[in-house]
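Each of the two complexes below includes subunit A, the first together with subunit B, the second together with subunit C.
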Partner chain A sequence: MISNKSFNLKQSGIAYLFLAPAFLFIVVFIAYPLVYSFYLTFTEYDFVYDSSPRWAGVSQYVSIWQDKNFISSLQNTIVFAVLYYSIVMVFSLIIAFIIAELSKGQTFYQLAVYLPIIVPLSLAGVIFAWILDPTFGVLNHMLRTLGFESLATKNWLSDYSTALPSIVMITLWKYVGFNVVIFLAGIQGVGRDILDAAKVDGASFFQEKILVVLPNIKSYLAMASLYSIVQAIKVFEVPYVTTGGGPGTATLTLYLYSWRTAFGYYKMGKAATIAYITAVLIVCFSVLSNKFLEEKEK
Partner chain B sequence: MRKKRTTLLILYLVATIVALVFLAPFVWIVFTSLKPSKEVFSYPITLFPRSVTLENYEYVIFRMSDFQRYFWNSTVITGVSLAIIAISSSLGGYALGRKNFWGKNWFIAFILLVLAVPYAVYLIPIFIMETRLGIRNSYLALILPYVALNLPWGLFIMMGAFRGIPNEIEDAARIDGCSEFQLWSKVMFPLARPGLATTIIITFVFIWQEFIYAVTLQTDAKWKTLPVGIVHIRDELQSLAYHNLSVAVILSLLPLFIVFIALRNFFIKGIMEGGLKG
Partner chain C sequence: MRKKIAFVSLLVVFSFVLFSWGAFAQEKILRIESDEWILNKFPVREAAERFQKDHPEIKVTVSPKEYKEFVRSYLLMWQSDETTVDLGIGGMPEQLAPLVGADLLVDLVDVVTGIEGIMPAFLDTAVFKKGEERYYPVMPFMGELMTLNINKSFYADAGLMDAEGQPIEAENWEQFESQLQKLKEIAPVAALSVDWGWNFIFYSYAGGIQAMRGSIYSPTNPQWLDFESEAALKWLELNQKWVREGLAASGTITDVNYGRNNFNAGIIPAIYTAHSRFIEAGEYLGEENTSMVSLPGARENGSIVYTHAVYIPKVSPAQELAKQFIEEQMFSEWFQQWGFNHYGKLPVVADFYNEGLTWYQKEAELILETVNNSVALPKYKGNEMLLDLLQEQIHPLLLDRQTPEETLSNIQNEIEARDIDMTRLD
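Here is the complex of A and B:
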């Protein structure tokens, strides 16, 4: 440990001074909350009645599994995540492949797909609640015009079977462009010579993409996969704005339930536990995704 | 050759359909914003506006005081947060990128860890803290957490920007007799500006769109920001007045739209460097 002695005292002092403002913000609003909410998971804390958290050991972690709403929010989040993740990865990849092939007008197609990225999820919810409105919504109007009468009377967001898929669709609209950005960067980085060699060997369009391009953009796949997992599991705004978790608990997600437990019922210990479980879920899936995509590289 | 042209034609066809699907919601709110209120709730609905009017825009911009208030709140909170983030990440990134000090690697490791934690985890303690301090429902209520939430990423980007500057430049400046602060302000900071641009743009997009902190910490309607305020307008104030709501949505997207069109490359760079993950 020679390095310990090599810290120049004056230079260190200057460095601490420069870092001080950022350090202060991060300690007070990130490090402390991170530790405090972990502490809260071991307490019972009714924010309205209790003056301070009461130590409860691991009882939150035990009793949470008896809570029907928690179980359904866990199920909904996993169903949402699986649906969203698989569609967003495949669909974005296909769109990126197609856009990369276009010789003219590439910018227009890119812009069209990227544009929803700038829309806040809550406003995407507002826009789509209007589009999916059973009476005045444009979707049902179009379905009626095209002759799908039976579908055209559907109340997409309040029907048990279509509420969660509708939320998947709204989230897809927002985030597909995000993944296309990543995939396109990868595809455009694949060397011409590799592609030409594939062409000479007589590879078809799909053979070329799947057998030649995919293995060459592994790191981009890993990156998009990581993002998509995080986006999928932290689903909150869209159900909050469009369905409020309903009908029943059909679109109640982990974050929505944690939020409601904290700021609707003021049960801070329980809410922190749900938030932590959600965070652990995200980290686990992220590690899994990294492992999976790395191993394949060899 | 013929086969290749058919393939290309199919690709263009599919791409156009996809593009239209993605653009359709935008087109639909623009159409709705141009319709008189009677037409918005006529049945069967009209796809194209039968009569085009700007009265919804006129109403929302000049007379809808709630919307004006939310727009102002968003502007102040975003502006002040951006300024603080720009300054403290430029200072801190310099220390991390160019200095050696005890605890540096621990700090960097912590920042990276924090980037992986979904930011809703901090919300409950921050709510409790702000309630005790009595600063909920104020500009500060959102500015403080927004600065903190965006700093790890800002520091990370700025650290890279400062690290990329060649040592010769620093040596030359020292020989010319620069003080430590001058070295930062006159020599290093100007060279790190591209990194700062990425930081500011991505942070702007994050804060202008942020919902979960805003909906929790600003319960008083007076302090709401646009993403929450528009939902509030829809649910409480003018329930389902979609002709006005569409205008409000379009106007609140406008700043993001301008930034997106004008600075697209920084935007894409931000995504590639991991900034838009939240």
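Here is the complex of A and C:
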């Protein structure tokens, strides 16, 4: 007869055996790189000229604040994040409300706004670089046709005032659909009885949406919010493809700068430091966003 | 019976071993990896076939580089003592500097000295230093010259052709500017586009200075690129003024192909960039409609040349084969002239500028003359950082956000502030 104890041991042994491949994968491809790159932040390591990393304590975390490019990229990332986050949340919510109100063709419109998500971001960057081209671009051609001659000669991606907003627009085009689908799922899940009760109580269209629907889709808002924050702060592909961080450093973002420092300058310690600061920024913004939504709930 | 079985078994085993060893011993393999654009613009595959025909015991494979950022992947691969490539083709020597810095490339000095007549300006692009000793871890196989590529139709319409139907070369910068003004009157966008994008900013910046003063080095620190002379200041002032007045376009700041595309489309009359652009544009605008002229001073003082190179990793088991391929194929007259005759890429051997060049002979003469006066850019340990710094400072200058004086002073200060390593590798 097998005792309960040995049966449990055997059972848990089998469980561990099944878990082992996943555990191994996590250790090798996630945990180890995370720990090692964190260690790199305390070193100076020129990948070309140094044979191994040299311990430098917290000097990377101190000296990084003297680097003008880091400050520029931090500012650009925050401006991008604030612009992108505000617009993507509001805009996709409005689109979701409109689609939810439609009596016909909901699936079509849902699909239409979601479709850009299947286009790789780097490809979207290339397409928009063509659309925004000052001479051959469709945008300037349309502006010229509509009579906006002064705007029609603008070089959208080479101009300091329009380069970053252009990148925000391209990223929006790509990701709005994702948020719309999340919000729609939430809106369609709000009980008919609650909405009817609001109507009976005399709520207007906007009151119904803001005071009744929004509080009921809080978890969806939180999910979309977190996703948007992460997307906003780790912005990389679009500036990489369209502007290369220029003009000057007008569109240099943290991830782009980290990538350039690692694989252009081969300064691995500094690059890892920038990446970790970016990660801290994502965590801070996410906590803030969650706090804000929790406050609202109270 | 047992003995028989054992004998037969041993026979089979020995035959198998002998056959396998023989097969391996017989077939030598040379693996070539090249930039994709080079495979399109040079007959590398045909050269491989010719090489195999001449040496039937050698198998040559040619494939495009798997990654755009190939230097990084080669670094990782070769530092791990592994390689999928015996001969790398493509990459400018300064771009390949990390591979040189990590001491991963074979010294090609024996190949370089074995080939007669390589033009010194092109050879200078590939020289590196180990202590005081000069060596060639990379070897240039094609060249480019920074020059003014022009659309002759615009020049004719603006009255800028001489009696022989050749474009008039401006003798000084005042005359050059007045030519731009004439061209601007008939050009839809701008008269000129200078390649200020990341891929050409070094060459464009240094090219103007070399034309003006015959040197690209600082008057006070001969190891440094010039960020302080009157010529440097004037070159920046002129470019800022031209963009401000609409004589020059600034599109190359973010779109590196802006000038090239607009030139090919017949919209911009002149672009300052690599000479092969006017030959490429001949395909769209007609051979008779494109040409080149020198910037004021460049005929006497020269311009900037750059090259693409070949290189052999130290971990390659086929180093001698790779050298043999370079000597027999890539430096053959046929291979070198093919690049010019199809895409305007310059042969690096002076003797190959002969009747074998089937088009643009007049321009080829001017190119040869200018290349002989021209110089290669210095190679610094902190090249990539310096490149980014130039973009960060020259782009705002062109868009009128800072003065030329501020630009030069910022560049000097930031080299120090960012601790950019200006140690020369050449």
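The rule we apply is simple: the second predicted complex is superposed on the first by the 291 of 298 C-alpha atoms of A that agree within 3 Å, B and C clash if a C-alpha of one lies under 4 Å from a C-alpha of the other, contacts with A are read in each partner's own complex, and residues count from 1 in each chain.
One rule holds in what follows: a residue touches a chain if its C-beta (ideal position, glycine included) is under 8 Å from a C-beta of that chain, and two chains touch if they have at least 3 such contacts.
Remember, predicted model here, so these are calculated numbers, not experimental data.
Chemist: Specify the outcome, clash or fit, for subunit B and subunit C once both structures are aligned onto subunit A.
Modeler: By the criteria stated at the top, subunit C and subunit B clash after superposition.
Chemist: One more residue to check, A:227. First (subunit B), second (subunit C), both or neither?
Modeler: first
Chemist: What is the contact status of A:248 with respect to subunit B (first) and subunit C (second): first, second, both, or neither?
Modeler: In the superposition, A:248 touches subunit C alone.
Chemist: Which of the two partners, first being subunit B and second being subunit C, lies in contact with A:136: first, second, both, or neither?
Modeler: Both partners, subunit B and subunit C.
Chemist: In the overlaid three-chain picture, which partner chain does A:203 touch, first (subunit B) or second (subunit C), both, or neither?
Modeler: In the superposition, A:203 contacts neither subunit B nor subunit C.
Chemist: Check the residue A:36 against both partner chains and state whether it touches subunit B (first), subunit C (second), both, or neither.
Modeler: first
Chemist: If we overlay the two complexes on their shared chain A, which of subunit B and subunit C does A:237 touch? Say first, second, both or neither.
Modeler: A:237 sits against subunit B, while subunit C stays out of touch.
Chemist: State whether subunit B or subunit C is in contact with more residues of subunit A in the superposed arrangement.
Modeler: B
Chemist: First (subunit B), second (subunit C), both or neither: which does A:151 touch?
Modeler: Neither partner.
Chemist: Of the partners subunit B and subunit C, which touch A:47 in the superposed model: first, second, both, neither?
Modeler: both
Chemist: Of the two partner chains, subunit B (first) and subunit C (second), which one does A:127 touch, if any: first, second, both, or neither?
Modeler: first
Chemist: Identify which of the listed stretches of subunit B (19-27, 181-189, 199-207 or 217-225) has C-alpha atoms clashing with subunit C after the superposition.
Modeler: Stretch clashing with the third chain: 217-225.
Chemist: Mind sorting out which residues of subunit A both subunit B and subunit C touch, each in its own complex?
Modeler: After superposing on chain A, subunit A residues 47, 135-136, 263 contact both subunit B and subunit C.
Chemist: Touching residues of subunit A toward subunit B in the complex: what are they?
Modeler: Per the touch definition, subunit A meets subunit B at residues 4, 6-8, 11-12, 14-16, 18-19, 21-23, 25-26, 28-34, 36-37, 40, 47, 95, 98-99, 101-103, 108-109, 112-128, 130-131, 135-138, 141, 144, 173, 176-178, 181-182, 185, 205, 223, 227, 230-231, 233-234, 236-237, 240-241, 255, 258-259, 262-263, 268, 271-272, 275-276, 278-279, 282-283, 286.
Chemist: Under the stated contact criterion, what part of subunit A meets subunit C in this complex?
Modeler: It is residues 47-49, 66-69, 129, 133-136, 155, 157-160, 163, 242-244, 246-249, 260, 263-266 of subunit A that touch subunit C.
Chemist: In the complex formed with subunit A, which residues of subunit C make contact?
Modeler: 69, 72, 75, 98, 101-102, 189, 197-198, 250-251, 253-255, 258, 261-262, 265, 267, 381-382, 384-385, 388, 391-393, 395-396, 399, 401, 414, 417-418
Chemist: Give the list of subunit B residues in touch with subunit A in this complex.
Modeler: Going through subunit B, the ones touching subunit A are 7-8, 11-12, 14-16, 18-20, 22-23, 25-26, 28-29, 32, 40-41, 43-45, 47, 84, 87-89, 91-92, 94-96, 99-102, 104, 107, 110-111, 114, 116-118, 120-129, 131, 144-145, 147-149, 151-152, 155, 180, 184, 205, 208-212, 215-216, 226-228, 230-231, 234, 242, 245-246, 249, 252-253, 256-257, 259-260, 268, 271-272, 274, 276-278.
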